[in-house]
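In the two complexes below, subunit A is the common chain; its partner is subunit B in one and subunit C in the other.
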Partner chain A sequence: MVSVSGYSGLTRTALYAGLLLCLMFFIGPIVWFFMLAIRPPETAFAMPPVLAFKPTAAAFFHTVIDPGANGRQAINSLIVAVGAVLLNLPFSVPAAYALSRFRMRAKKYVMLWYLGLLMAPPIAFLIPYFILMTRIGLSGTYLSMILVLQTLTIPFSIWVLKSFIDEVPKELEEAARVDGARWYVIMLRITMPLVRPGLIVTSMFAFVFAWNNAAFPLVLSSQSTATLPIGTLGYFATSGVTWSFIGAAAVLAMLPPMLIFLIFDKYVVRGLTFGAIKG
Partner chain B sequence: MASLQFERIGKTFDEQVIAVANVSFEVEDGEFVVLVGPSGCGKTTLLRMVAGLESLTAGTLRLDAVDVSDTDPRDRDVAMVFQNYALYPHMTVYQNMAFGLQQRKVPAAEIENIVHRTARTLDLDKLLKRKPGALSGGQRQRVAMGRAIVRNPAVFLMDEPLSNLDAKLRVQMRSELKLLRARLGVTTLYVTHDQVEAMTMGDRVAVMKPIDNPGETNLQQVDTPQTLYKQPVNIFVASFIGSPAMNFVRVRLAGGGDALTASIVGTPISYDVPAGYLAKHPGLADYTDKEVIAGIRPEFFEFAALSNATHKLPLDVDVLVTEIIGPDSYLHFDLPTPPVHVGTSDEPADATLTQPADTQSTRFTARVDPEAAAEASGTARITLDLARVHYFDPASELAIT
Partner chain C sequence: MAVTVETAAMQAVPRRRRRVARYLPALLIAPSVIMLLCLIGFPLVFALKNSFFFWNLQTSPVPLQYVGLANYELALTASAFGASLVNTIILTVTGTAIEFFLGFAIALLLATQLKGMSVSRALLIMPTTIAPIVAGFLFRYMYDPTGGLLTWLANALFLPVPAEGLLGSPNTALLSILIADVWQWTPFFAIVLYAGLLSVPKEVIEAARLDRASFAAMVFRIKLPFVLKTALIILLLRFMQLFNTFDLVLVLTRGGPGTSSRTLGYTLYQQGLIDFNIGIASATTWMIVLIINALVGLYIFFAFRKWEW
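Here is the complex of A and B:
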């Protein structure tokens, strides 16, 4: 870690300036959206920019409280995201365990195939998914979105969980076997507690994937199951674009993922760097 | 309490890598048997087969005369101490020790009783609430032992349990382990690559060797430490057991009947094999006019002035270096005779120097009186006790008796 305090006055000023620039770059859009939500609509795109204005919370009130606004969509987003999380681990844990522990012929190719699923642009599958869900009569349901989201969350979780399970020494499971434990006891009482950070981090990512995803709900949701990103799109109406509502909805939609990352910060870092360094 | 019978046991990995073949021996009830050998000799594989963690590809394993070759580990009543301890890191010391009993549906009150009693004997009672990460190496070692002991198993299996400890702690734990096992009296199979550990701990020691032919066997000799040292059956055992290692030299035998003369190949040195030795080893006479390999333990040498052997060969040698290690002292010298290669090269050569670069001379190690060694330099006169030399067949590498 490099400490700024070690540098002389001028260098230090330049460093701080550089840091500030980076900060602006990353936080700028968020601040801008926040401003968009609280400034009077007519000043939104004024040139030169209007810096002095009387802030209003009307847009926030509208998105959160007013009937017919985004409240319902936030609940839909939550249902889809929680559903995606619940469906994720029961499928990815056994798969990751098998890929980590069992000897199988095409293990490398299976892993690459999962990676391929992650890398393929989801937009390419939107029409097929829509047709598929319509044919089986699931179009417009929460379940359709939850199921299709698994094509992203399960491969990702398998990759992360496999590297976690790889790190659990085989001897621990062998010790448990000699101690007389059955396979499911070993799985539940030895292996799973040791990969708990991995379970947390994959659940988190599944939640955030689902929460942020706009493409799948765009084709799969109905009026009553539309999620927050779809709801926000509704402000691009024929009567005009209500920028302050979009700003407020975007800021509110950002909150749950940000909170999650703040709370589980240490697991994220551990999860993404796992296996990089031997503890 | 149980006996273990190995009957022509074999293990082949992936149908091509032969780890273990044709291993047959018996561990008696309450006996402590050490499996020792260089890496790749199959000792750990054999131990894991007893634990049930590795399947047998040949032979039969019997625990108390019951065939357990295909039995699941949980039904074998064996406990194992792993090389890296394999303590469950997310459980406390107490939970680690209780886990095996819980799996066997022992009532909770009884578990508590057993764990506390065992913890007291192992001096772990103050650590029961700690997790393994907060323990020192020696403490972890004791928890691993405790986890095995609480189960009160028929057989203990230990896979190099002391190898992760530093030298001082290892010696201390070695004696603690001996005391513990004397008190418990449980049949134990113990794996180590350290022959000193093997010799000091085992009632009997099984010396194993890596093999690559399914017709061979890993098991070279199973005997008491004394017998292994004094009557090794072949060159492998002779060179593996003993530190510093045995010296080997080619000698040519001549003569016949009850008088044999041996001359060290490449040198003018020759001596008469003592008549008493010949009487005890009549097989030697068959090697008249042939080369054999003589095995000489470092302690068969002594300074000429101090030797009290009856049949001795005097040698004037150029002292290369002397190492004075407390009560022992090692003296190294070269003789112009081609070296004998033995198959235990990956054994750490404790006090022996590396062989000279010149392929026509062999370096010898002699264990001599330390006070006399302190003054030795230049040329020294030492003697070899001829009555103790071992002879081996150069082709089969078996001891000649």
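Here is the complex of A and C:
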């Protein structure tokens, strides 16, 4: 018997079984880690695994609020991520506008060059960044991390924003141009408001890139500017730190990107494909 | 850079304005290009210079003496460069391939658009949103040899688990890193390819159905070409990301046991940030940069040749 959706009962069951398997494999580990953060420490490595336990917020309290530095590190992560988003816009907005609106022979090469930068190995730049930033006195500052993060955020934002500006009809701008408006007035007053979804996409992804980046803070942050992943990494070398603490800190690091992707779900595909697919 | 302005209206405006317009596009692109050139250029020049000097940061704050190509020789011979390169290639090629095909299969599953698929789609991307280093913590917990969930699961399924644990055995260390990476990035391919599949025009699918196209023909001859452009970009990106991986390795195995799971990225990490041997690390940096440029250049040349911009 064929149902409304066009799949027979057996096929449907098989498809749902596949879906269930996928969700268990991809979402299960995250749930398991969330449980680690709220379970009593003695059940963390119980064999067979313990599913029923009385939740406790002790680990969260110790690592995030009380003596641990994770609260401070979360704020550091936030400063760096917001800074990276804000600094990226004045560079990427004009470039994306130019690449979308004007005809140039080198356009293809400029675009591919931006894309190529995203493939540079971050690890190769860590030592030079560390020494160069120390020499100009920026090592350990938020600014140093925000600056080097632009190697990721600017190229990405230009690709995404260009795709959005491409979709704005030129006629809208031409009307203003005939009225004598200057190019920057047109860009900022007419085009930018129309590509607000594009600004949302670039900002959310730039934020997540920066928030999740562990390579640059590894060498550029100091004790007081360490971001969340670096702080958590430090736990492995600290005696007396149990997996419950690591779990609590890691969950704190996982939550913002997850929430951003869930809230702005309709923009996710656009960002993942560098603006190519509307989703 | 030769620039012409394409709108008809621009040609009607006075001459002075037109001259501004001639340089305008280059002017608008310049800040981003200069910023990026500085951020990429300085470190590369810095590394190139120091690759010819003996310099260990633990003994001296400045480069000590010119040693010619000795750092390159040492990097190639003394620090398991060959083993790292082989591991990196194995990890990168198998990882990208598994993630692409598994992701494509999941995309096809989601594209059936049965009830619940759109919620699942929103949830499935979650692993990709996590920082790789945090994903590393997650898997290190699950790989624990005495009480990890995956160790327990493998035992329950009668799969042989090495006594040293999955991360502690030279036979399974690299595989364990691969699994963590596949977990994190398969959803990325699945979501992107799913969106691509949805963008295939209905008429095309209908026409193919009327022609009685087989399932395989439908997937590979009709649907895949529509997502090819995007697939080529994300394949390249993922390939290079995986090629550069070091954070997963850092958290999970530190390249061990021995050199069994050491990647080029981790070798570089060790030379620079553990041994503080700037000279050798700089030499390795340049060898990696050359390898990557060759790979990316070849790929772009062949894959993007026929693109319209």
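Convention: the second predicted complex is superposed on the first by the 243 of 279 C-alpha atoms of A that agree within 3 Å, B and C clash if a C-alpha of one lies under 4 Å from a C-alpha of the other, contacts with A are read in each partner's own complex, and residues count from 1 in each chain.
To be clear about the criterion, a contact is a pair of C-beta atoms (placed from the backbone, for glycine too) under 8 Å apart; a residue touches a chain by one contact, two chains touch by 3 or more.
Keep in mind that what you see is a predicted model, and the values were worked out from it rather than measured.
Of the two partner chains, subunit C is the only one that A:P90 touches; subunit B does not reach it. Of the two partner chains placed by superposition, A:L138 touches none, neither subunit B nor subunit C. Taking subunit A as the reference, the larger set of touched residues comes from C, when subunit B and subunit C are compared.
Legend: residue contacts after superposition of the two complexes on their common chain; A:I190 is shown touching subunit B, with no touch to subunit C.
Contacts of A:E174 after superposition on the shared chain: both subunit B and subunit C are touched.
Contacts of A:I154 after superposition on the shared chain: subunit C is touched, whereas subunit B is not.
In the superposed model, A:V64 lies in contact with neither subunit B nor subunit C. Once chain A of one complex is fitted onto chain A of the other, the partner contacts of A:I79 are absent, as it touches neither subunit B nor subunit C.
Counting contacts as defined above, subunit A residues 174, 177-178 meet subunit B in one complex and subunit C in the other.
Every residue of subunit A that touches subunit B in the complex is listed here, in rising order: 169, 171-172, 174-182, 185, 189-190, 193-194. Of all residues in subunit B, only 51-53, 73-74, 78-80, 82-84, 86-90, 99-100, 103-104, 147, 151 touch subunit A in the complex they form. Chain contact summary for the complex, subunit C toward subunit A: residues 1-7, 9-10, 13, 21, 24-26, 28-29, 31-33, 35-36, 39-40, 42-44, 46-47, 57, 106, 109, 112-117, 120, 122-127, 129-134, 137-139, 141-142, 144, 146-149, 152, 183, 186-188, 191-192, 195-196, 198-199, 229-230, 233-234, 236-237, 240-241, 243-244, 246-247, 250-251, 265, 268-269, 272-273, 278, 281-282, 285, 288-289, 292, 296, 300, 304, 307, 309.
The part of subunit A that touches subunit C in the complex is made up of residues 5, 7, 12, 15-16, 18-19, 22-23, 25-27, 29-30, 32-33, 36, 44-49, 90-92, 94-95, 97-99, 101-108, 110-112, 114-129, 131-132, 147-148, 150-151, 154-155, 158, 170, 173-174, 177-178, 183, 208, 211-215, 218-219, 229, 232-233, 236, 243, 246-247, 250, 253-254, 257-258, 260-262, 265, 268-269, 272-274, 276-279.
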